[in-house]
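So that we are looking at the same thing, I have put the structure below in structure tokens.
When the chains are written out, they are named A, B, C and D in that same order, and each has its own residue count from 1.
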């Protein structure tokens, strides 16, 4: 069971980890790097609480051997949290109480980030479709969908102001 | 109470909100410790069987295997969470002894250097089991000749000499005779999984001073600590339980299922030990909401007044009772519903089957009573020929009414709540229901109910 | 997680070499959406695994009226292409966004029912598959690929490398019916393609998923449609006939009884979508 | 294809607190030198926002700003006993314990402030914004932070409070069932609207609209969160969830979220609510517990709505499309 060294980009920094064969990205993030915002809800690809972005695309880090992302760009919730203040999505989730226990929240924010990166002005249906792989047992989803809408609006207002 | 409030009543921002949206909230499994071992369970593949032998020899040869724990390693191998509040008998085991009573019952705990090694060792434990007949239905379990799940000869939990929790109020039989209509219903519900997003789990860590810190996502820290202390036969002051934000509970984390064995493993290995349920364990092994079968019989007068209600309920406790006996008592106190019914008889049975045990879940004993009751109310309305609002207003309880368990109603607001709901949906209520209140009945006003 | 070796070949020849070297014990994994959950839970304990994500088998090529889909092209790539609209529909109705970014078209052919919905569309589209081994490549119609529940024509030393789909302009209909509207196992999946000759049906393909050990065609229903104008009577007859040859199963999602009912219903609904004047989608 | 619409109602009550009582919760409060107050507990937060609600209750009773409260909870070495977070008990039980502790701490605080302001304790009031003032003499005021610091450094005193709450355990008469199982009762009435596809048996829940009576809302946004989330869970229980799809058969038990069905974002109905407040006599500021009950009334409301839409009564949960279809077929057979 020879360990190998894997290098990838995490939140703009190059990281190097030594792993046993086929260690998941989820495990590397949580257990080796201490990036525990990426949650462990099912390890079956069924709940979305471990959602990260690989080269900007959402993936379930529980299903991803870290070797597969060697040299790739990985983004977690830690990566998008500004040093001061919050990302507009985080702000919107906070304002809308779009969480209760908070365990699904990192995955929800990450899939929403991917959505707004692809489509800054998603429709209500676009948002609902984007979130179908992310399970929340507490909120009934309505506050979450509302938060994503609010974040999209806030980000487009910000963009508008910057353009002016 | 206080007429002027500063903070209570304000939607202040949640104090844990920033932690949640940044992912910095620390859940129990977010911790990791140097040298931490992983615990995985060998579970029964059969619903009901005698354990003839356990062969660990192949498992012990797996690289990374540290040790196995069986029933004989557990100082007080009884898992009876409600023993803390005097509920008996002690019937469940932390690790199975000579018999398994449900598929998934824990038999051997494997502790290994890595999760992978633990899985591999688990796969190499050989069990010699002799399958026994099993029973899965609450009423089948009560029939003569049914396979017996318990160690005391029948499949019901005993309540002070009765096989069910009883409520007797008034004289239902007489009232049924005098009733204009009899309305009957049978209601069945499936077992349900709490499905918290964070699975049940803990990490037990030996301290230098002979104490053990247990990081756990239990819903009840002292419940877990006290039970662990009993099972491990060590003083509670050697245990230090740390919880915090739980990634969803819904009742599923009131069981004390992971802490005792993880702590024991930490004691025996002097290493930190993590025991976290996989999602499939959470679904297939951890306690569920019970399945229920509820028989309801009501005697009703032509004017819609319910004069008698007889309820016979069976909760499928599964192989062990855990918290279900308590759910039945709570159920019995509420099975007549928020209505003023002068004659009530309730028999609520906690039944053992060879199913995955049930225990607490949000709405403990009442969710399914409410389902049965409120569907039954619609059937009564239809039988009497009134609309569903009317039947509820006619029978709604008021302050000062005596409930079947002989407690006076004092915080009744069913009427006001129904009025508000009608307004919300734009349903126009007749004036008499608009004027109704939950204030104590007064014979001089609406004629009372006597 | 007892994995002792994890291979990530960078080319097909390298992948085939590894396969030859390690034999049938080597677990071949594409997107990981089926294998990884089993490994994570300790249900599957492989010693050696080969991941195909970096093997360069994910290309889409449009040549000679054929869409060539590399076996590890993701479901998201199906969503992004416009050569074959039905494949877009099929991908859209499969799993969730993150899973579509990982799950592959080739992998979908190895996913047991009620999964494997994309394969149902491929069957209706007359797709064929290329299997490559040490002795070279062979091409099979997809309908000949499946041999039973989780069994197929792939030899132990072969890899599925490409799926070919004829690009046609005929109208198609794809319906996946599940208990939820997205990210959920199928009760039944129906994929229909109709070839018209003037105002008559010249040929028809009705493929069904989740009602047998692998995606199957409702051949009797197909035959009944040929020569008709896809009128209400023809649709009704085909809907009934579609259950012939089905082997619906019971799982936690639906019983065999319900699946059989839904086969008729959704074959009918799919055909109605394609009937003249229905404003068919997916043309 | 027919789509039938129907409306159903359900009205429920729900008891607050561990059945039969005997379930203590305790709290300790002490002031720091900066004038903030640490509330030590061992109650866990399941996501309902217990820390926030308890912080509000502590601030209210102490007469200080909410952000002056630090909730230190869920550690058995530092937090006094608590029976746990279940049975809709936490806000009620812990809240009462915190009120008791805060009342004692407030007394300590005022005693020191009386020394500082050279006034009688009874003449002092806390403005809820960090100041202690002599009634009727706004100029004679002291900052809480200064009082707290001086308590320690000038007077060598500790500002602290202890609080415990327990509803005494009630026995059950095994013959009659006479018992006192709860502290108070909250109420709900739900109106659900559904649309049923008669060909598939699918149910779309269009709306769940409810009125709740919860005693006192400590934090209306959190109450709203419970109601919306609970409505979803009720819908989920009514139509989807089971670990034994063919109970009593044990086959086909789900092992993942694809087999364990719960509605997702695309099945989300409109959810609307109004909340009444009729304070209870024994809850903190009149609180009743609503943590559990919000899933309850939506279930029968939905089932009744299905009957209203289709004329088919299904008394087995979950009500799957398949059961509805069987019911519709039986109904047609009955009519023909």
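In this section, a residue touches a chain if its C-beta (ideal position, glycine included) is under 8 Å from a C-beta of that chain, and two chains touch if they have at least 3 such contacts.
Computed from a predicted model, the values in this text were never measured in an experiment.
Listed by label, the chains touching chain A and chain D alike are B, C. With chains reduced to the mean position of their C-alpha atoms, the one farthest from chain C is D. The geometric centre of chain B is 18 Å away from that of chain D, both derived from CA atoms.
In whole angstrom, the spacing between the mean C-alpha positions of chain B and chain C is 42. Spacing of chain C relative to chain D, judged by their CA centroids, is 47 angstrom.
Remark: chain A and chain B have CA centroids separated by 34 Å (rounded to whole angstrom).
Residue positions of chain D with contacts to 2 or more other chains are 46-47, 49, 221-222, 233, 242, 245, 253-254, 256-258, 262, 264, 266. Each of residues 13-14, 16, 114, 116, 195, 245-250, 278-280 in chain B touches at least two other chains. For chain C, residues touching at least two other chains, in rising order: 1, 3, 37, 40-41, 182-183. Contact topology of the protein chains: fully connected, every pair of chains touching.
Across the complex, chain B is touched by residues 20, 30-31, 34, 36-44, 46-47, 49, 76-78, 81, 86, 90-91, 93-94, 97, 99-106, 109, 135-138 of chain A. On the chain D side of its complex with chain A, the touching residues are 46-49, 221-222, 224-225, 228-233, 256-258, 262, 264-266, 268, 271. On the chain C side of its complex with chain B, the touching residues are 1-3, 40-42, 45.
Looking at the complex, you find that chain D touches chain C at residues 1, 199-200, 240, 242, 245-246, 252-254, 256, 258-259, 261, 263-264, 266-267, 320-322, 325. Here chain D touches chain B in the complex through residues 8-15, 19-20, 22, 42, 44-47, 49, 51-52, 55-57, 59-60, 63, 65-66, 71, 73-77, 79, 81-87, 128, 172, 174-182, 184-185, 187-191, 209-213, 215-222, 233, 237-238, 241-245, 247-250, 253-257, 260, 262, 272-274, 276, 278-281, 285-286, 288, 291-293, 295-297, 299-301, 303-304, 307, 313, 315-318, going by the rule given at the top.
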